[in-house]
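Letters are used for the chains, namely A, B and C, taken in the order the chains are written, and counting of residues starts over at 1 for each.
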Amino acid sequence: MTQINKELKTKSGNSNSGLFGKDFLLTWGKSMENLETILSVAEDLKMLRDRNISPRCFDSGLAISQFRDNSTRTRFSFASAANLLGLTVQDLDEGKSQIAHGETVRETSAMISFLSDIIGIRDDMYLGAGNTYMREVGAALDEAYADGVLPQRPGIINLQCDIDHPTQSMADLLHLKTVFGSLENLKGKKIAMTWAYSPSYGKPLSVPQGIIGLMTRFGMQVDLAYPEGYDLIPEVVELAGKQAAECGGQFRTVNSMEEAFAGADIVYPKSWAPFHVMERRTGLLRKNDYDGLKSLEKECLSNNARYKNWECTEDKMKLTRDGKALYLHCLPADISGVSCLEGEVAATVFERYRIPLYKQAGFKPYIIAAMMLTNRFEDPARVLRNVEHRGRERVI
Amino acid sequence: MTQINKELKTKSGNSNSGLFGKDFLLTWGKSMENLETILSVAEDLKMLRDRNISPRCFDSGLAISQFRDNSTRTRFSFASAANLLGLTVQDLDEGKSQIAHGETVRETSAMISFLSDIIGIRDDMYLGAGNTYMREVGAALDEAYADGVLPQRPGIINLQCDIDHPTQSMADLLHLKTVFGSLENLKGKKIAMTWAYSPSYGKPLSVPQGIIGLMTRFGMQVDLAYPEGYDLIPEVVELAGKQAAECGGQFRTVNSMEEAFAGADIVYPKSWAPFHVMERRTGLLRKNDYDGLKSLEKECLSNNARYKNWECTEDKMKLTRDGKALYLHCLPADISGVSCLEGEVAATVFERYRIPLYKQAGFKPYIIAAMMLTNRFEDPARVLRNVEHRGRERVI
Amino acid sequence: MTQINKELKTKSGNSNSGLFGKDFLLTWGKSMENLETILSVAEDLKMLRDRNISPRCFDSGLAISQFRDNSTRTRFSFASAANLLGLTVQDLDEGKSQIAHGETVRETSAMISFLSDIIGIRDDMYLGAGNTYMREVGAALDEAYADGVLPQRPGIINLQCDIDHPTQSMADLLHLKTVFGSLENLKGKKIAMTWAYSPSYGKPLSVPQGIIGLMTRFGMQVDLAYPEGYDLIPEVVELAGKQAAECGGQFRTVNSMEEAFAGADIVYPKSWAPFHVMERRTGLLRKNDYDGLKSLEKECLSNNARYKNWECTEDKMKLTRDGKALYLHCLPADISGVSCLEGEVAATVFERYRIPLYKQAGFKPYIIAAMMLTNRFEDPARVLRNVEHRGRERVI
């Protein structure tokens, strides 16, 4: 059994402005203090639950989820987080709604929000659309609240968009904090965020973008590696460079997995589709051009196939610091010989890091719960102290 | 921020017979006192929640929903209402059930109800079927309760049928009460329930029927207007006439939008399919005659197209009292130039009334919660006083 | 109204080892004492709820359901049970998840379980697969818990597999205990578990197998009857024989419905597909061989048609003890002239036993709740006493 730390980490001194009443759309839209608050609230919620203390702070209320793409772990993480705090998930299933009837985002956003506290949205299919959609929903909610239509302004949590995947990258960060002992200890560490071969195409850019957009703020040396042509959204790459410069870290782009792995403390090999492919794909999706999509897929897969050597093998792992870099993945990974013939990672490498990877995934419900809690409460530390003091058992 | 009225409106003197343990299927099946109780309980629930007092009165229990047609706002309203009172929604999804295997209504009704408190049903596709189905479910529940199969008789709430849409019309009525200050003030007011052009066909009759079946009881002058041939179910029209006569109001049918709008205090322009078309459509749906449905649609749309001038324009609004009638719609509306090329209402008219319309929609969760509460509790006023006195915070 | 017995039946003396922290996959994997505990906990939970005492013992927590086949009553029973105890159902819908992407059972099982208490699985489509799948999930959970990935090991409840249907057979047993007064009174009673004609094919074997696997343990005379060729899984039949011998009962297989009915106290006529057909069907399903499935269905239906006289008619009922055997069915039944032209049971027989059948079905939510409670609590009697003493009203 894990030993349980019994001290609440979140301090009231931590200002919650930037989180309270503010949507969580991009990690780089939040201050360092905000990010640290999310981490400590997540740790505290986990600690309370592990001690069988229920951190429930809603007697009723809805947490709406809208998944415009398939999801297992984020869906369950969102459901777990809502449930832990006392909110009930209500899924907005566009197939079962009247949204197809030409209803506007402005109207739907108000209609689902009369008694809602949180809205979680996954929208990662269309480049240029996902984050924009979340902002449109946010603007609609602002307006409806200002107009007196809504009694409160529900908070939006980005459950993955075309630009960022903050619940993933923050769970990854909490994992790194846990493994390396503190955020402070991440300074100077080298992380290799690298493309890897996959037999599927069209994987979103949000994970690599989320990683370089977050890790460059902690004084790390961030290497982004990909085969020529597999670029990310240029603005995010530019931002990563700026942030690294401001935060005492480094950021560079290389075209070699080996170069990125060399001396790395952490490696994150993960497939994605090139930015310009996602742009073309978005255009074809919008036109429902299935033939075009088919031929784009074919073209991309044959292009991908030129880079099958971009696999996280045992040999490549030997290039990392003492051959023991921490391997990360957002899961599910394309594991060579397990879930596919040739994929992102060798089976032995994956298996060696499987347990830490699963623990990494286990932080996500708490990260989402922390985003919910900091959005709804001005002083999260006070709320945590109160529920701890209340001492209500989660299980009697 | 809205100023909060802190006095409970529901009085124990209000008899709850007619509501307690009785299904809510048609507003005209309820006494005036019943309707007033629904409104005041809804207002009280809203007031309590706005004061952060949780009106939760179930520690556990299921509220079953069965949607035989797509729905956004009613689905979310039902979920919000159930959640507010402490019930958990369980959706009866016929596609995922064994109902397709020829299971009888009598059997299914019992099987889903062992631990259920409320059943909400939307069934508006087949003329002559929706309300009948609800009554069949009700009879099955009566029988199962009498037989000792069920420990209690769950209450049924009509979430829209082929005849009435009581959660909508009651939310509309609460909106009118709020805007005009009291039910008393509605006396003598003129309301125009009129057909309007839409580029889609087959819209249900339940909204116009619900409106004329409810508003004729409050001493209003109700004008029902539609192009020749767009009749409603004759029995409901007859009932509206009778009620108006009994309640000191007026009811007439006209074939001109302008005539109905003239001097109106309230206008409700909304498309629907003619009664006889719905009858034919029901026959075709039952036979899965897709070609027949296609050709019926074509015929109807071309007929509709003859009445594009039945649009709620600025010019028509000028005909109303001081040009300032309150515009109502159950939403989503077909807004010309916004959600369609030519539709039910001009964009400027809709936009001017958008905020009140959204507020109108915001009453629906509370109306449904009031229907639930009055169905389950003999003395709703006592329950409301108790939860107020208990003072449990909805959000800590 | 039912008279309410106010005494808790579950005693702390009842050892809960075998249930606490152990999956409920097969009734024959549980001791007699375990089965009696499930029954008494179910009765106590029903009694408490009937007295309006909420047995809620979770302040939050998830009960995951995974239905790989359609379900109404088991789905609602699971939802009701979870809700009664304070758990929230989260459905694992494989169509909406990333499981299709080749994710392993090991990984998915961990990913959905971070904050989960219970996992209910229905998987009855593939012979040799359903129970195996549950064990794979169980092994994955064991491993994830041992590895520190999960803070606790969620319990699995078999909601029907290819081998057993324990929530059904235990609900049937509680029904028999209620009707005959005690488990003791079942000794020497004759039960006829017999095949019956149905115009559909491919019905699972889990119900007849579950019945012979359970009822042979209570000193009953169990007759299994079917037309030649309609065998069950041989291992289960063998087990039934062994159990009967050990428990002072009798078990035999006959090829005549009349022979099984002769002098029976209880009859359970129910269609199923022959074991070897289910094997062929499984092979075809795995290959997505729709033509093969079609022709297998045709072949089987024509074979079934040779046994239309295997119907539970009034005449056959007359063969039973005093012509008054208790008729059982897991529902929905194929009722001749009601849900099909010719089926498993005559309409008059079914109708005469309809109310007891529905009551039988009404035990299922409580059986499932008892499985949940005994899985999570070492001393269920103490929990029941505590919630009784707490006296929290289910409905205020």
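Note that in this section contacts are C-beta pairs under 8 Å (C-beta built on N, C-alpha and C of every residue); 3 or more make two chains touch, one makes a residue touch a chain.
Note that the coordinates shown come from a computational prediction; the quantities given were computed from them, not determined experimentally.
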Between 0 and 180 degrees and rounded to the nearest 5, what angle rotates chain A's CA atoms onto those of chain B? 120
Over half shared numbers or under half: where do the identical copies chain B and chain C land at their interface, same or different? different
Taking each chain's centre as the mean of its CA atoms, how far is chain B from chain C in angstrom? 41
Two or more other chains are touched by the chain A residues 88
Any idea which chain A residues touch chain C in the complex? 1-2, 49-50, 54, 56, 67, 70-73, 75-77, 79-80, 83-84, 86, 88-89, 200, 331-332, 334, 338-340, 355, 358-359, 361-362, 364-365, 392-396
Residue positions on chain A within touch of chain B in the complex are 57-62, 88, 90, 92, 96-104, 107-108, 110-112, 114-117, 144, 147-151, 376, 383, 386-387
